[in-house]
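Heads up, the next two complexes both have subunit A, just with different partners, subunit B and then subunit C.
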Partner chain A sequence: MRVQDCWHPVALSHSIEAGSSAGTRLLDRELVVWRDNSGVAHVWEDRCPHRGMKLSFGFVRGDHIACLYHGWQYNSGGHCQYIPAHPALEVPKTIKVQVYPAHERSGMIWTTLPENPAAVPEDDEPVVPLRSLYLGCGFDAAIEALSACRLVPFASDAPAETTVSRVTDTLFAVSCAQDRLLVGVQAISTTRTACHLSLCGPAQRYLGAGQIHFNDWALQLRRAAEQAPAAQAAPDRDVA
Partner chain B sequence: MTRESARFVFKGSFRTKSFVEFARHRAERLGLDVQFGQAGVAVVAMDVSGAVELVDAFEMACSLGPLDCFVLDVVRHGGVATAGV
Partner chain C sequence: MPNGLVLYNYELDDSCYRVRLALSLLGLTWQSVAVDVFPGKEHLSPPFLALNPSGRLPILRDGDLVLHGTEAIIAHLARAHDPSGKWLPAQGPEFAAVMQWLIFSAHDLGVTIAAREHSLFATSGNEASLCAASSKAIRIMDDHMTARGFAQAEWFAAGHPTIADIALFPAFALSRDFGIDHDEYPALRRWARRFRVLPGFKTMPGIPDYH
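So, the complex of A and B:
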């Protein structure tokens, strides 16, 4: 399966608050991830069809996002509904932003680029958000570093074996003793990768000290990924 | 909504195929009907109809044109406005 055909994590769910938007990149495409006021997440091409302005600079009102430049408003289907300079105009349906599917799983917002995507990865266990980590290396180098990583259990001095398993093409589980860390890997470009990290388990176990503990691990992961020889090579985007 | 039919004559230096594709894409995006007439390296003409505001937007978009074309002048004829439903 090629990476282009997968579901991809593009943000931690808790990073995109209701009524806000953020820009990101996936496989060199610019995307806006935004959440309407009712809490539904959306992933679109980050470009207003009018003058090409990034919609991630825009503002969310109800279930619409509006471009910062001229205020063109788009509904949740990506159709332009209102042009402030021409308030009486019935806007044609052809004025539309490219909309991608969006789902939330494992504490992350996921999207996929093909028109007929595979099924959404299933994973409904409770998670605690940790952080998003941006790496100066390609997708394969990040996975290589992740596969070789070792986790120190939280709240336990006893050594324990680390197991890294691939849940989907872009979601990994790193387990050690009673801890299980989910890592969603986002291929930003050939030289940039993001890892979105969530901790499986109840909030009372990990909030605060647990998050700090695994944040230190995340920083080590970044260092390892960026120092690996593979980080210097342009990776092949195909995943076996 | 007020509709308008207008004939545009764009004058300048064109890669004809590039300019026609650019204009066709913009017309499609703006929900306009377009019929191309003369299309050469110095002149491209077309009839456009649709919402008057969007015909204006079309003129603006095409006056900028694609990167490989250079629009020097735009002549607009007609402008037959009819009240829409």
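So, the complex of A and C:
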């Protein structure tokens, strides 16, 4: 599958609170990830069709997001519903933001860019959010650092082997003894990559001490990825 | 004007904003004296150099006391004018953590001030290196608040907001002025949302009224 056709993680679900928005980039495209007040996540092109302002600078009210510049309000389908400067105007249907599919799985918000997206992988399991890492390296260098990493188990004292497996093109699982971390890898650009990290298992096992344990590992992973020689050069690529 | 608080202020200055935030969040009333920093360079004129020989704002007058240095000013405001004692905990690890982050603000975030002034007022400096150093400092803050989240703590230095949060907020909130977006700092985004709803919160140019 070409990298453009994959499902990509764009945020940890935990990081996008209801009624808030954040900008991100995927393969150099600017996206806004936002969550309406009822808790539904949305992924759109980060651009108001009026003046090109980033919608991630805007504000969420109810099930609408509004642009900071002139307050144009867009419903969850991306259609402009209301223009404050012309309150009586019935807004033409053509004023619409590019909307991408958004799904939440494994504690992450996922999107895909093509017109006819592939089916969303169904598997899901209870997870505890860890954190997102933003790495100053390309996708391949991030995967290389991830593949070389070693976990110290949290849930058991015995030393154990670390295995890194590829679940999908953009989702990896790092396992060690009873612990299993899911790593969603987001290709921001050829020189920046995000890893969104979730811990598989019940909250009572990992909240607090478990998160602190794996946060130390995550920071080591970031150092390794940013120090590796491969971090310096990262050409465009397709995922095999 | 022996009684009352007087702030020598430049509205677009990040450091003056920290003091305005402290005054407002502490529920104080103060008089503001506008100083023409750009383009007038009034802060470098002899009357202002007499108040602060370093030639920087903010300067606070509190009765007979004239004080410069952003972190010293907000520490003084908290100690002298906050009867609850919460904004500057008196002792223990919370006091120590507040001091650590105030010094981080004064030292490590200096580069964010330089980056912003370079961007807004074309002061000297190398844009790429200022931006890289600013990102590094902001990432340290985001890592700290990520770790605080694992301990169910919502503020930098204590279980409630302190002057450490006040000192650190502007550099993050204004970072888009010098080309650093909020995309890569999820823990700071959540912290900033909490900070913005504190009673007495004020914005400044560069920080949207709506969020």
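Operating definition for what follows: the second predicted complex is superposed on the first by the 238 of 240 C-alpha atoms of A that agree within 3 Å, B and C clash if a C-alpha of one lies under 4 Å from a C-alpha of the other, contacts with A are read in each partner's own complex, and residues count from 1 in each chain.
Following the convention adopted for this analysis, contacts are C-beta pairs under 8 Å (C-beta built on N, C-alpha and C of every residue); 3 or more make two chains touch, one makes a residue touch a chain.
The structure displayed is predicted, hence computed values, not measured ones.
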Open item on the list: Tell me the contact category for A:164 with respect to subunit B and subunit C: first, second, both or neither.
Closed with: neither
TODO: Once the structures are superposed on A, label A:12 by its partner contacts, choosing first (subunit B), second (subunit C), both or neither.
DONE: second
TODO: Check whether A:132 is in contact with subunit B, with subunit C, with both or with neither, and answer first, second, both or neither.
DONE: second
TODO: Give one of first, second, both or neither to describe whether A:208 is in contact with subunit B, with subunit C, with both, or with none.
DONE: second
TODO: Report for A:86: first if it touches subunit B alone, second if subunit C alone, otherwise both or neither.
DONE: first
TODO: Have a look and say if subunit B or subunit C is in touch with more residues of subunit A.
DONE: C
Open item on the list: Under the stated touch criterion, which partner chain does A:22 make contact with: subunit B (first), subunit C (second), both, or neither?
Closed with: second
- [ ] Report the residues of subunit A in contact with subunit C in the complex, numbered from low to high.
- [x] 11-12, 15, 17, 20, 22-25, 56-59, 66, 68, 131-132, 134, 194, 207-208, 211-212, 215, 219
Task: subunit A to subunit B touching residues, read off their complex - done: 49, 83, 86, 88-90, 92-95
Open item on the list: For a test of understanding, state which residues of subunit C touch subunit A in their complex under the given definition.
Closed with: 139, 143, 146-147, 150-152, 176, 181-184, 186-187, 189-190, 193, 208, 210-211
Task: Sites on subunit B touched by subunit A in the complex - done: 1, 28-31, 50-51, 53-54, 84
